[in-house]
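Both of the next two complexes hold chain A, though its partner changes from chain B to chain C.
On to the complex of A and B.
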């Protein structure tokens, strides 16, 4: 068990549970190879690193979303929480707050929002869809109480982080945000696979009723995943602020849907209980690579990204039905 | 050899649900190293007793002692931690997780908060080996059969240092080989000194595995017996109690009084469904319909009820010529029809007992005139009591009731309308023997009270026991109408059904 998510290559026969992740990985490789054949200067390591750099915030948000979806829930508030985080950060920095204080405060606010939604979902037994929809409107509305305009960020720490590139040898380099995202993924994978909280997440997603009867703390698990998602959204918001160096209330509209798409394309079942973080990483990479290919193509409008994502989502949901629908009965 | 001290003692347990005493002064004890069967009909209080014991319900009266110490459980978790583990009929595990995880989740071996997968798998394999099971512990539970899943559930239960293991209908979905495997595991656990509480509807299994049994009836304790000292017949008698005697009494009931004809069908028929038949049903008369499946029994009933349109013939009800175009018209003529398929055609599983009971009456009144709540309560309480529907909770969802009790609710729904003719299509199919006896007794009582009953059943004994007159159907034709006297037996009836086929 050297790999975090149990790389399928270690097994001679591939267990069925790894198939969705493998399909996504295959898709990613195929897209990469096709891009490399079609475009010059495409098949380089930096292209993949750029996908990480450009989608670091989405990756972090999708990690939080993975926790929620694994329990069979959904969190629609993440995009708004990202926007709210950028707004809070930008406005406080404009008021002269220190960068560290802002970062800590934003993370706490995100986590508390998630905690609140999780508590409402669990204790009042309300559909996560409705609760997080309310959270989505609430967070988006709060953005406009701060400002309706975009607020530029001129804080030195933030601009420094935004402009730093860390060399990885050769002519490869990544942004600090991408590294943060990777660290988040590693920590999350450890939590999911090597801690009780993580296993309870899977158990709750498999059967909440059973988990309860087995004496697991379903309440703590469910509230935890929304808190984690809230925290990840806030962190994603900070990365987004590093990336765009501004706070904007209309930013990150629809990011919750991108995150859900990434998780589903990564092979996680929307009904919960099955999926891997590696899949989510691959899902984000696939989405990022689609954008990259479309920008390389040059003549296609960026809306083609949405079309491809739509087609992929359909394909993957059908795939889940075909492969896992049978074995779960 | 002196009996060992009981590991578990429940005394004077009482549990009240709104409107019903689910448990009333029940004593129960479990000795270490025994398999103890808890017996009783559906609704006798077995499940309630188990739920009280495992902390799902609080108790209203009485006390529970575990190893001589008084205990009070407020949650299943608390009971589990005290050493009382339960394996339910439906396997309550997470099939998406591996076998090992299902055994250990919540108690995984950890070091510095990190789950030690290797150790967990090794220990899971050890525990399963103890139960003589050889499984791939890292495979997902969903890849194994229900029987294996049940064993894994037991493995999980006994690993929690269980002193008492409760198996609630563990065999209901297992085949014979799987049952044998389960029993092997149970014997093994018994040898280790674990007390096993076993609930099953299969008497043979109970006799095979259990050492001792406690019988409940209507929430009360009937007694505790050694399995070896109680015959199956005695056991059934004790489970059913009074009703068995009633059933005996039904035999040789007096013939119906000469009464006015209530329903007269003359050459009533429908092409493709039933050939024209002539049938007269008097008030207070039970007419049985016998015949093979598909012989036209249900079709006769549907024609009389207006569920199908008659192509030929006439129908008189109470001396008045009628043409029943819809069941609604039949209902307004005081006819009632309990269909054979209670799940698909009769009951609405997600409505409560009260709502299901009121449905037909409300439909008869029309939706614009709702029945006042007080009237509803009055009616519902009356019929729940009259038909002995258990649990006697009007707000219970129908799907949570046993088959027999569902059937009684369906009956009650029509009885509320106070029909003059009650058509019962296979009312006793698929329900336990006690409920069957109750329904039969009810039919007899109703007919004594002047209600005419058309009783359709595949069980000839039942038809013979209840009916004053038996109509025999064959190939969609009413071939004979025989008065039920001493000369009519199941054999002669069978012969009529068969010989009809020859003519």
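On to the complex of A and C.
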């Protein structure tokens, strides 16, 4: 899909497909350096680790979203599935279920929801936008059916995971959730680049018609990505439950937008077929760093976060247009 | 009979009638419309009145979707328009002065048109995919609305402003009149003049229309600006109805409802053709659904579940693939189906 036009100077030195990811990486470094110059105690490794800790759930959700967007689809249900997962976990734990059973059940529910949406999208040829929108209503509705109040989690395993910090030498430490998120990223990167499923994902996103004519199993690929996204959302929900130690039906509202924004800032094309998981990771880090900077600044109100994210989205999309020339549609 | 069954408004109409009929069993005097103090009252009137903002937003959305685009930013525009109007009115020395209110309303609408045109510029001028181009304003717009109201809920006490969303004129709620006027204007512009044809042609294939001599860019920017204007009017209605502006929650998720209304009304997200009457039907279905949920006593917590169910059923019934798979097994195979509305993608 990508045409060969672009800036000739950069084109010779760096393969063009890496430019969006490099730009995002450059932005992250620039923001980090600027923050380090402006604020005391900013330029430490712990700040970056904190971004990982505070955004572990978003990272996992964005990984699932990357799969879906690479096939040219979209999943609007992720925020609701995250909230639903925290609700199911919190209410079952309150009823005395063992932690392991709850975790497995939540992950299965997320994957099954994704599987259902993927099957409807593929077999009945309804736009992903509409199907996942219905899925969003469904999951959110299930949350409210369970309870409209916030349910605290007092399970020992969950609180233990929430409070554990794993030292990385020196003063640095991370939470188990952040490690889980990193493991998820590594597995997903492996799947995308070294397995048949990953190749099929890129091929389907590049051109569904061609993939079908090549004899690739488009049906299995499309349904798989939504299942993966559902699974990742459920896992993200569990990490969110570790992070907040409660289940709340109104939680994670708008997380689908954050996830999509992270994927786009990471250089993945919403039309599918082009993009990298590393870009998504950088996109999540950039979003996290914006929040960190705003909290360091102190006087800026929370809504500036949204405005900054909007401006960044605009800048990045403009950049993609400039670098990638005629990659329209 | 067969032609009637095949009409694309058939299924939406059946669903609307079914929903209304359902209400007949649960609500006394559901279909009764009465005059009180020179105003029309009744459940049916209420459905149209509370559905007015959604109908307006959906009208704009229909035209955008007809150009094979989408506008996610309408909810934010709703919030911004309400916030700006309320801010200007709250700054007036006399909040009841008609000219002051008109000025505020005018300013808010101009801003809405500008925001819509900005979307159009991103889509047509720079060539960004509509879903991302409008995602920018959707995210940033919420922040802007909160910036305008300073994160507070701005309340106003202005009777002329209250008229827009909560007042009556000629026995009818004023909102219904606004919707009727906008609908009539839109229908005239798109169905009596060539504009509708141009929009559909751009939606079918923007590049081909440009080569055929249509100013595709101009059409796109006009359509997005119109969508912004509709969202702005809806924003004024919503904020005027409660006499306050809430940058955070005004018009939240209205873009999703509007897109649903358009899809239920039979306009394909692939663009290339649209149905204004279908959209109005779709918006009325969504509003009737909300009313029905309350009237049949479904607990409010499960409202969304119910909605998800109806949306899924409606979309499945409308999906040609679903009908082919489920219904045609029982019926005898129909002679060669007319080519389904598939759009051939010609990459530019």
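Some points to look at:
Here is the rule we go by: the second predicted complex is superposed on the first by the 313 of 329 C-alpha atoms of A that agree within 3 Å, B and C clash if a C-alpha of one lies under 4 Å from a C-alpha of the other, contacts with A are read in each partner's own complex, and residues count from 1 in each chain.
Convention: contacts are C-beta pairs under 8 Å (C-beta built on N, C-alpha and C of every residue); 3 or more make two chains touch, one makes a residue touch a chain.
These numbers come from a predicted model, not from an experiment.
Of the two partner chains, neither chain B nor chain C is touched by A:115. In the overlay built on the shared chain, the residue A:200 is in contact with chain B alone; chain C does not reach it. In the superposed pair of complexes, A:135 makes contact with chain C only, with no contact to chain B.
In the superposition on chain A, A:219 makes contact with neither chain B nor chain C.
Of the two partners chain B and chain C, more chain A residues are in touch with C. Once the two complexes are laid over each other on the shared chain, residue contacts for A:127 go to chain C alone; chain B is not touched. Residues common to the contacts of chain A with chain B and with chain C across the two structures: 328. Taken in their complex, chain A has these residues touching chain C: 74, 76, 120, 123-127, 129-131, 133-138, 140-142, 144-145, 148, 257, 260-261, 264, 270-271, 301-307, 309-311, 313-314, 317-318, 321, 326, 328-329. If you check the complex, the residues on chain B that touch chain A are 76-77, 80-81, 88, 92-97, 101, 105-106, 108, 110, 113-115, 117-118, 139-140, 142-143, 156.
Taken together, the chain A residues at the contact with chain B in this complex read 1, 15, 17, 190, 193-196, 199-200, 202-203, 205-207, 209-211, 213-216, 273-274, 327-328. Taken in their complex, chain C has these residues touching chain A: 70, 122, 126-129, 131-133, 135-144, 146-147, 151, 247, 256, 259-260, 263, 269, 301-309, 311-312, 315-316, 319-322, 325, 345, 347-348.
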